[in-house]
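Scrolling down, you'll hit the structures one after another.
Shared between the two complexes below is subunit A, which pairs with subunit B and subunit C, respectively.
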Partner chain A sequence: MSFVATMVAGIKRRPRPRLGLKAKHSMWGYLFLVPAVAILLIFRIIPMIEAAYYSFTKYDLFSPPQFVGFKNYIDLAGDPVFLQSARASALYVVGSVIPVWIISLALAKLILSVSRFRGWFRGIIFMPVIMSMVVVAVLWRFLYYFPSGMVNTFLGMVGIPPVPWLTTPNTALLSIILIAIWRASPYFMVIFTAGLQAIPETYYEAGKIDGTNAWTEFWYITLPLLRPTFLLVVVMSVIVALKVFAVPQLMTNGGPAGATNVVPLQIYKTGFEFFRMGKASAMSMFLFAVMMVFSIIQIRLFSTSGETE
Partner chain B sequence: MLNLSQKSNVWRLVIAASLLLGLGLVAAQCVAVAPPAEKAVEPAEVVETVEVEEEVVEEVVATAVPESEATEESMAPSGDPFAEGCWEFPTEDVTIQIWWHEYGPFTAYVNELIERYQAMHPNVTIEPLVASQTDVNQKLTVALASGTGPDILDQDISFFAQYYDKGVLEPINLDVFCADSQADIEAAYIGSVLEGVTFDGTMYGLPYQTNSMSFFMSTDAFEEVGLDPANDAPKTWDDLKTVGAALKKVENGATIRKGYDFPYQSQRWQLQAFQPMVEQFGSALLNEDQTECLLNSEAAVNALTLWKEVTDVTGDPNTTLTSPTDPNRDFMDGRVAIWMTGPWATNQLLDSEIKDHWAVTSLPQLDPENPHTMMYGFTWGVNKDKPEVNKMVAWDFVRFMLSNPEEWLQKASFIQPRVGLLETETAKNFPFIDVHLKDVETATWYLRSVYTNEVVQIVGRAIERTIFQGVDPKTSLDQAQEECTSMLAGE
Partner chain C sequence: MTARLSSRRTRNWFRNAILYGLLLIAASIAIVPILWMILSSFKYLEDMFTVPMTWLPDPWNWHSYSDAWAQRDFTRYFLNSLFVSISITVGNILICSMAGYALAKFRFVGRQFLFLVILSTLMLPLEVTMVPLFLIIKELSWPNTYTGLIVPFLADAFGVFLMRQYILGIPDELIEAARIDGMSEIGIFFKIIMPLAKPATIALSLFMFREAWDMYIWPLIIITQEQLRPITVGVALFMSNYTTDWNQLLAVAVIAMTPMFILFVFLQRYFVQGIALSGLKG
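Now for the complex of A and B:
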């Protein structure tokens, strides 16, 4: 045996694990995840980490950030404008999401009860979702016109005097809540429709045998089996409501007297008009914390027997 | 199925690939926004040039730019600081970017100017970006902060002080203008217009639009109630209450037409109305060195009280379709008889239902003998963080754009309050330009401060508390003072 052959024979090759077909397919799946994970990292995770960092600084976008510790958070706690915007956001969320859950579920049940032209009805109901926010703002400005816009005209038909919807602090927030309900209900209707269609008919058949009526069927069969869908709708609707920006900005710019100055709008003004990016970042972190806490609470509440969706 | 070791290896691979891809994207972005290498242009070269090429002069004449008075012998400035040919134009290829906010006639005219300038200087490419005013504010702020801003920026006066404070603006380059000093440029304007772009004695931009905020009056509404817009135009706030009350029309408890209403569609507009009122009462919004808020001064309280009194008699803030993007809607539709707006609205009004059935008068005064009015405007500025040759070409394009104020008036209804404008044919035919220019002469600029946008919000909330919630003006302004003081203390 030559020297080389001896050396080659003497090299102990480590046994290489051979990947099976399923493993190879899995590998391709993971590789296809790479672009999405990269985008998530670059456009979500890294900016969030940066925002968290800036929240502890005084930063005007143009000069290097100066570390100020918890000053921004302490200032927020005593800032009446921020507290007013937090209150506006809280009222907006509570006022919009609960009706959205109810209306979207009702619409889903209604759509599924229609046998003919279901697609047409679904399309018409879904139209508010696909309208641009600028169109929505202009349209509703006309609808809310005081005293003779369409909304006030309908109110007049039932004997209610016209309401200055957008120019009274008490009604301005209600005005944008109604827009949110009008726009969000069709979107979540689609999610509820999918959830309802996933419930096996056998449960309803068994219920009929046991003598359920429409209400007991809904309460004891539909709702429990709709729990995972409900969790998704609740968490998504609250997050979407907490992030509302376009309608208050376009219709009222936070007025009158700050009544519709929700937190995202105040964040925008603080960062891009006042050039106080550190404080704006602190507000963003506050909003993020609220969303996280709420989502965790909801997921725990909706989970049963340790199972989570 | 992968075992544990294989799975961990795969995840390591996925995370490593993601990080590499992310780093690659970030690196690509850095390369894309890296400023080009600075061209070695020495300002001394511009100063030493003594000849003006004939071809350049002919092109100047063909594009209706005022003829340059620069001679072939010397670079001594002509009488017109905006004249062509006072410096040696670079011969290398130069690309500059210009951003501005969308407004139909304005956009069309600037695009036309870009084409003309590029025809005169084929080695120059001008890349425009047009966005809504809200979008351009945000884009510009982020771009300037990240070093990717345009060469020429369009900004409204409320942001200019902030950009100056952040050090992103280039001082005016007199070598490009036919001017020995800033005084030569100031001499071309009427009134104290250029104070708006001057910080610490140096000019950092030039206004392309200077609006007096004047009162536009519907002549149909005046005639309907037996008033004459020429003789009965309100000169004082008391006149406004009387005339406005007569013009206001209410049917079955609903306001059909307001006599006069203050603007509520935008807090920026609210400050345009409030500031001159406070100044008429003898005070200001901030003290001179802007270290102290004066929002609850006696003058401010008097101003807000007057605002409420006028509104109660002549207005109805609940009845409006005016919006930030359509600020003259109520006036055009006849929903209000008197409306405060600027000369830029002229073409828009002429194209609307109201056509030319309107007249213009100055803002009402407490003391007509000592008028206080207000100017609001937009300026062209140049980005400091650009190569020297880019900055010089940028200033030259600004000079070129502003060299024909008559054309700005004709094509965009924008007034540049320049000496001699009133003698032009377009100005002679521009409705009520004498009123607009008179108001500019007696005007102070809209609040120029790094705190302007915050003061706008604070004052806007105070006004809205009083008007929409019935809060007493003193109480409302005390709260505003507290917010403003807290804002300054946070600095």
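Now for the complex of A and C:
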């Protein structure tokens, strides 16, 4: 654990080199920073500014962009396909992140409460995280196969008739939500494990003196002290869920009847199948606005760590 | 006294049985689908969805891999993925470490501001910027090039954050001593900072390799030439064209996950630490 210990040392130590290091070497500071800032500026920030510009134009790649004011945004507000994709994304996010929080925290507690085979269990449970989303899509299409894939076979064992998971609107969205839970929970389990381990033992000892039981200990000691970790998990899980693309694209291509047509998929279709760059940019701005709310919390968490004691 | 002790022992045994039982269930949910995929890739088509289900292939089909491989130029796709992923990983190790070092150990005007600028790109994932980024790449005539696949991803906000956090923990005295000895700034970075930051570098490279290997939406947009396709797009195209040949499709998927699997088996510790770090908050 020396790795994490060094990181913690980095956080505890105030990054304030003495005067000697300062002015003379500041030029080197800029030089070391240039490549990263240049790449991120050219390929992340400038594109975003351009998206804002294109969102006010009509642009099909073949004739030059034409300024149309707020037309794209007004169109979006009344476009049933887009509204449905916003709804699909919202349902997907809400439906997946809440189970992910509960399951990943439970898994973290579970892993920490046993003493033997901890590494083995953690390693095996972590396996879904290392798979490409494309491989995940192949795998789950196989598992959801109607009528005799593995999921339906297991349901059959408890007497439930086979479900055509990917071809009816309600079950299709549920199917990709279950995949999200399967793949995201182990990832956040690891973050929760680190957060739980960072809570000093003394709090629990003090709690024991006051007569806590497992439930009050969790509710009054663990949860409040886990707040920063929890906040980060909430933010990251929402952002990951908002970005989902490969799984719905490959499993249902947004169908049936638009039930899994999440916003990134609709942006892709509008831009690269119908070549309506202006409209796609307006959708991107919408997704950006939603993501920004959550990202700002994450950026505040990241940028203040190391500055505070 | 002994009665109480033994009742406590029974209770502990009972508690452990429940905990390990739950862990076994969780581990099964994670791993059984993957094992099922691997086993099924060795089955014949007619044994694919038997009722009742049979775990082991009977007989084993040793051809599904070579048959699948013959359908498309998967060797090329695989090598493309490897080349692009390694390039992105190496680039990020260098660029993110330099930026992290600058932010951790130098004082200059606008440092905090530039750190915030870098972090702000966390809210600009490809899913948001794909349309304008494509237009920029088109402007540069980079569609259908390795450059177009690699260069936009040579720096990463999380990577910079990770390296900065780690380098903050390296004592200033080491850097000052090297300066007094007359070591150049570039020498200090390569000979002192990089070796000391090795654990973070390994975590970062696993993180970047995983992201790059997973790359799907971007090559889908900018690559139309067969010989530049990465394995992800290859698998996806195979899935949309050959859905009935499940054993071959699963075989290709298994091959596509092998590099990550190998890295994970050997470097699991660093994987887990890299992710754990993103949750560390001072």
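Here is the rule we go by: the second predicted complex is superposed on the first by the 258 of 309 C-alpha atoms of A that agree within 3 Å, B and C clash if a C-alpha of one lies under 4 Å from a C-alpha of the other, contacts with A are read in each partner's own complex, and residues count from 1 in each chain.
Here is the rule we go by: a contact is a pair of C-beta atoms (placed from the backbone, for glycine too) under 8 Å apart; a residue touches a chain by one contact, two chains touch by 3 or more.
Model, not experiment: these values are computed from the prediction.
Of the two partner chains placed by superposition, only subunit B is touched by A:Thr168; subunit C is not. Residue contacts after overlaying the shared chain place A:Pro256 against subunit B, while subunit C stays out of touching range.
Contacts of A:Ala198 after superposition: subunit C is touched, whereas subunit B is not reached. Applying the stated contact rule after C-alpha superposition, one finds that A:Val37 touches each of subunit B and subunit C.
By the touch criterion defined above, A:Met48 reaches subunit C but does not reach subunit B. Counting the residues of subunit A touched by each of subunit B and subunit C gives the higher count for C.
Once the two complexes are laid over each other on the shared chain, residue contacts for A:Phe274 go to subunit B alone; subunit C is not touched. Contacts of A:Ala77 after superposition: neither subunit B nor subunit C is touched.
In the superposition on chain A, A:Ile102 makes contact with neither subunit B nor subunit C.
Applying the stated contact rule after C-alpha superposition, one finds that A:Phe126 touches subunit C and leaves subunit B untouched.
In the superposition on chain A, the residues of subunit A touched by subunit B in one structure and by subunit C in the other are 17, 20, 22, 26-27, 30-31, 33, 35, 37, 41-42, 46, 138, 141-142, 145, 148, 250, 272. For subunit A in complex with subunit B, the residues that touch the partner chain are 17, 19-20, 22-23, 26-27, 30-31, 33-35, 37-38, 41-42, 46, 60-63, 75, 79-81, 138, 141-142, 145-148, 162, 164, 167-169, 249-251, 253-258, 269, 272-276, 279.
Chain contact summary for the complex, subunit C toward subunit A: residues 16, 19-20, 22-23, 26-27, 29-31, 33-34, 36-37, 40, 49-53, 94-96, 98-99, 101-109, 111-112, 114-125, 127-136, 151-155, 157, 160-161, 164-170, 172, 175-176, 185, 189, 199-200, 203, 210, 213-214, 216-217, 220-221, 232-233, 235-236, 239-240, 246, 249-250, 252-253, 256-257, 260-261, 263-264, 268, 270-273, 275-282.
Residues 2-4, 6-13, 15-18, 20-22, 25-33, 35-37, 39-48, 50-51, 54, 107, 110-111, 113-114, 117, 119, 121-128, 130-135, 137-143, 145, 148-150, 153, 182, 186-187, 190-195, 198, 228-229, 232-233, 236, 239, 242-243, 245-246, 250, 264, 267-268, 271-272, 277, 280-281, 284, 287-288, 291-292, 294-296, 298-299, 301-309 of subunit A touch subunit C in their complex.
The touching residues of subunit B, when paired with subunit A in their complex, are 1-3, 5-6, 10-11, 13-15, 17-19, 21-22, 25-26, 134, 137-138, 141-142, 144-145, 162, 166-168, 254-255, 264, 266-267, 317-321, 323-324, 450, 453-454, 457, 460-461, 464-465, 467-469, 483, 486, 490.
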